[in-house]
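Look for chain A in each of the two complexes below; its partner is chain B in the first and chain C in the second.
Let's look at the complex of A and B:
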């Protein structure tokens, strides 16, 4: 009976409309992400491109660019590919049309809200997690909608086993949910302002556990799933090795989650966490390459398609870039290599090899495959698609190579020490001047990538215009019931029939590393030494810190002097864990386009900072930092300070009752002192004490100065005080 | 082709995608094992085997840096007269002018008239009594409370002498918009 039932066929209509919608959304936001990226690149090459506009100044534009690239462009690409392939791999329509469209419109609404709030300066100051708490909640809700729709589709599948692409989708959905929720636990202060519950090293570890695995589970595992579907389909060949799929899938998701601390090498992070982050990154090399091997060797026997088929060109090049990035990643995770590469453009190059090469080319290849199929027509022009490929590839190469050169050049200059024990290039701006020409080459690379994309858009518009008016969804005949094999199954094959068990095992695989690495730092006090204890920020300093975060200063300035001689000679005593123990969020940063600021307090007079914020070139003639004239116009929010201090206290920052009750009064008093000092030195501005620049100066002057014991303050005779 | 057919796994077909039963590539497997072995050795050495911690490594490196620094007392201390004589060398004055424009002018003004830092052309001194050795001391060590950074290690000894000479040569130049006098008058 069973067998007979499985021979009966029924008609299933795949939902192609939702895939079309996600494809179009992906192309739209790709344009936004690329344009924002190009402008950001130009701003670094030539600071006047900041245009004195607060909304698009680099510190705010860069989060907009990264969020658009990751969540809008890559996100919509993933949703399009997952919905298209899952229906076909499971021989069933998506679980629920309402959920599909809720997912679509919900996600686009989130993107729109990001595009509005990031330029306005609403930011949590955590990379790739800048969006404020109401949007964080919306992301979690829409992700759950996606999860329900996806797992619901698996539940009603007409295929007994789940294919390797589905494995990767499962790992993606579960892990991203976990990462997003844990990293976004925050305490709201007001609508659109919150502080994360994590502080200092806790926040550093949680943030980079999230940040690194956003790369792993938002930009890698889903794209591997797409690769496992679209490459065999595009070249019509079997996947190279099923066994390799199994081994590299489990190894990849188990090992990836541990690698986060490699973003924090040589810092104040406890040594054991750094060591784990490094060795797990090294062990990731082979599992990552397992995916590349399975992708590339699937082409055995049909390599000639690369010459003729633009789709295959894009997909194969994407996998090649994946291989390059996943070799470079473990390399950069080795402590001594990281010593050179960290905080430099090498990392920017590495990221863009992955983003433009792997994610970008996978998405383009997929779009060239999907669009003619979905719109039931032929691609308008194959040769234009080829042109797109070559122009974009040249763009990526210019980008990658210029950033390698820039990163290694600057990294070597930063740490060069002469025979007398002095820095060879003590002047930071000197090391910046050296790489500005490379910034122009990078911008040219970005421009070429964008031009290639515009060629694609023209091609896509022409293709869709030429499509038949009669658009319909794909209909197929599938068995009424899932077929049953007569012989019993063993091992992994059995698991592939049990989605729930499979999902639970995936979750356990990513939980192990997460718990082992994060749990110890939750007990922060274990690492805090009494002699290094610090005071909390004054209310005005806290207000200034929020301005620092809103302007995205952390995008270009680190606050973490690494345990390396080059860092210590340039910036002072290595940063301690205690110095950031009250920092919600931590601001260690990941890039030094400008110098480290961990010990910048009291290094320059208030007037220096005032002039520097209005026009950096007034005090550092060759600076490439944007002007921040609006800081002298906009007012500090004194009224909200009591609430902010109260929230900080609730999060464990030891403010006394007086500060709690008088936060705004204390802040106004401190602001007045700073403003009067500035006025005495000739600054003529009405109501200066209420302006943001004063609060920001208070914060900057406090950096490295919060030690309770004088020992921490000492920045002279650095070496002997170690 | 028949060989290929043998490699295909029966029953594995999803939307037309089939799977081969190729073994794991040997070189790939060796790489994987090698990284795992490396990881174990590394962790054991640095976490349990007494390998140096990062702060120990830093300490060693900083000792080397310190040892490389020429001891202050070893260098012959030049007298006020010798320094003044040296500082009047026009070549050195030109270097001093260059250093001043690059490093000092942002706070002391292009004409030394004083801006964030004090006027350097008047007869008033905050730190010292008008000697070139006083000036060198301030340039070297900085004045942390006032925001004058220490230049020792950033500028070379000769550059500091040059810029001191340049500043003294501008004394009494009466630039426009001078900053109000600070400190004590020194005749």
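Let's look at the complex of A and C:
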């Protein structure tokens, strides 16, 4: 009976065309991401590279770079790998060709939308979630298309068992959907403008729950799935320990989701949430390294392949970088280490170790494996692939090491206090000048990485040119019931055969941490002391805030004075939860290329800000900030302010009826007062009161000036008491 | 009612509950994974990527 069963064969044609399309899209957008990254690195080393062009100024280019790297390069790599491996592991063609192509073109359209809107300044001001609401909806729709196509493929699979790689894909699809939807709940103001429903600390927690887990479930779990598939394929050995892969999977997805608050250590966030984030981040060491060890030990007995096979070189080095990044991440999550590293280039180095080393090399290794197979030819040149490897590796090392040095240097300088209790380096720009040479080294590292990639592109073009003209999809004959035997399945074997149950359990694993982390903070009144409540922004300040967000000021300036002596001495009293309670979105930031701005209001006169925006070096000679001359040319949208205020009120900001009805009139009045002040100090410009620079000045002057903390600048005693 | 309950919730205990839940889940997964007799099956599954382009028709 069993023999008869195994003789029943069925022809299966895998859809290789869609995989080819995603591979080519991955390579195309990799070029865009790397080029944007290199230009951004050069802008930080030498500010004139901003070229006085608003569309490519650092604040707008950096979101373009991160979105291109994450969603275009890594995203297309994931889709290529998932579609290739899932068909083969399930021994069936993808569920639906139309869905496959809808997924492909839909995703490329989203990327194109991002490439157009981000340089134009359409941004929500939330890292890795900058895209505006119509694009957010498109992402959700296309992700559902992907999910239906993927789960449909699992449903019609001819292999009973679900291999571990597919578990990681399942966790990715479910969790990314949850993260994206919750973090993108926003209230549209107009076609390309919205405000998130979350505010202040809520928004901070939701954003970093999303942001951290975008790294976890978009850049880690799917790539771990690819690791569990492509390393065994490349070395022709099964994974070292299947048992370890099970423990790795469940421990990793359960723990990862809790770690978001480590992005907010020493801030105004409640201590319990900080400690929770730190503890779970440290615990992540174990499953992460379990996965790394499992990947590396798959090479048992064939280590020599690292010498001879460029694919293996890339894959193994990628896993090594995964190990380094997942060691460094928990290390940076320890509060005392975070004191030093947070807001510095150490974080940038850490991120790029993961993005270039882990994601980049894994994608390159996969592409070198897939391209000859898909185009049914041999790789044009192994030696060029080897050259790519060494050039890119050197590039990453230069990048990584320079950013470590830069981050630790800046962290130490920021907190250096002399015996009298004064800051040793009170001028922020002093700490910037110290690290500019390291920015040049970083740019060199990026250039080498890009050169390596261009070598790969040449190699790929030659490989495809040498492919036979007759291209066809892979066709195999498989038994109708491969893996199905007459014995009832038990335990995890049974569980993994039940896709729905498995998916629900995975979702529960990520939901538990999410709910515990976020739900209590939704009850904001528990943390906000009424006596510390602040008043909302005036309509003009709100308009200025939108300009601040559109220009991407948050990518270089934080608005969160940490509870650390160095921060308090430099910037004033530590920020409180109440001060950002009406901030939709929060702007605490994650990097200080420039100083913190939480209490910058009234620190300088309006004229200083005006001159600073037009030419930062006019007031801070060695500043690396770009010029923003267009702010003095472009007009503020006064007409749209009533709608904006109405939306803010609907979100819970206590604007009175008069402000609601007179928002534009009030804004124009305040703008006129500021403009007259500037004119009295010598600024000669017609219609100044209608220009964006005035609205931005109004916003900057309001920072730290709301509520009872108005104008507070602490002395040394406050700092030393921390 | 919910708001009142949340307002008086001890968040430290919530975090501790999460930690203990993870520990319980982890021990359960560990026990399940390393149960007797599973190794043979795992060996079979772990070889799936190595046979995924095998053309069974060629062996007939």
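What we mean here is this: the second predicted complex is superposed on the first by the 695 of 722 C-alpha atoms of A that agree within 3 Å, B and C clash if a C-alpha of one lies under 4 Å from a C-alpha of the other, contacts with A are read in each partner's own complex, and residues count from 1 in each chain.
Here, a residue touches a chain if its C-beta (ideal position, glycine included) is under 8 Å from a C-beta of that chain, and two chains touch if they have at least 3 such contacts.
Keep in mind it's a predicted model, so treat the numbers as computed, not measured.
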Check the residue A:285 against both partner chains and state whether it touches chain B (first), chain C (second), both, or neither.
-> first
Touching A:93 in the superposition: chain B (first), chain C (second), both, neither?
-> neither
Taking the superposition as given, does A:479 touch the first partner, chain B, the second, chain C, both, or neither?
-> second
Touching partner for A:565 - first (chain B), second (chain C), both, neither | first
So which one touches more of the residues on chain A, chain B or chain C?
-> B
Please indicate which partner A:618 is in contact with in the superposed arrangement: first for chain B, second for chain C, both, or neither.
-> first
Could you look at A:603 and tell me whether it touches chain B, chain C, both or neither (first, second, both, neither)?
-> first
Look at A:419 in the shared chain and tell me whether it touches chain B only, chain C only, both, or neither; answer first, second, both or neither.
-> first
Applying the touch criterion given at the start, work out whether A:427 contacts chain B, chain C, both or neither, answering first, second, both or neither.
-> first
Which holds for A:509: it touches chain B only (first), chain C only (second), both, or neither?
-> second
Touching both chain B and chain C, residues of chain A | 85, 88-89, 91, 159, 161, 163, 229, 232-233, 236, 238-239, 242-243, 247, 251, 272, 275-276, 279-280, 283
The residues of chain B that touch chain A in their complex are 8-9, 11-12, 14-25, 28-29, 31-32, 35-36, 38-39, 42-43, 46-47, 53-55, 57-59, 61-62, 64-70, 102, 106-107, 115-117, 141-142, 144-147, 149-150, 153-154
State the interface residues of chain A toward chain B in the complex, per the touch definition above.
-> 85, 88-89, 91, 159, 161, 163, 229, 232-233, 236, 238-245, 247, 251, 266, 271-272, 274-276, 278-280, 282-283, 285-287, 289-290, 293, 297, 330, 417, 419-423, 426-427, 485, 563-565, 568-569, 574, 602-605, 607-608, 611, 618-621, 681, 715-716, 719-720, 722
Using the touch definition up top, name the residues of chain A that touch chain C in the complex.
-> 7, 9, 11, 85, 88-89, 91, 159, 161, 163-165, 228-229, 232-233, 236-239, 242-243, 246-247, 250-251, 254-255, 258, 270, 272-273, 275-276, 279-280, 283, 474, 476-479, 482, 491-493, 509, 512-513, 516, 519-520, 522-523, 525-526
What does chain C use to touch chain A in their complex?
-> 3, 6-7, 9, 11-12, 14-15, 17-19, 21-22, 25-26, 29-30, 32-35, 38-39, 41-50, 52-58, 60
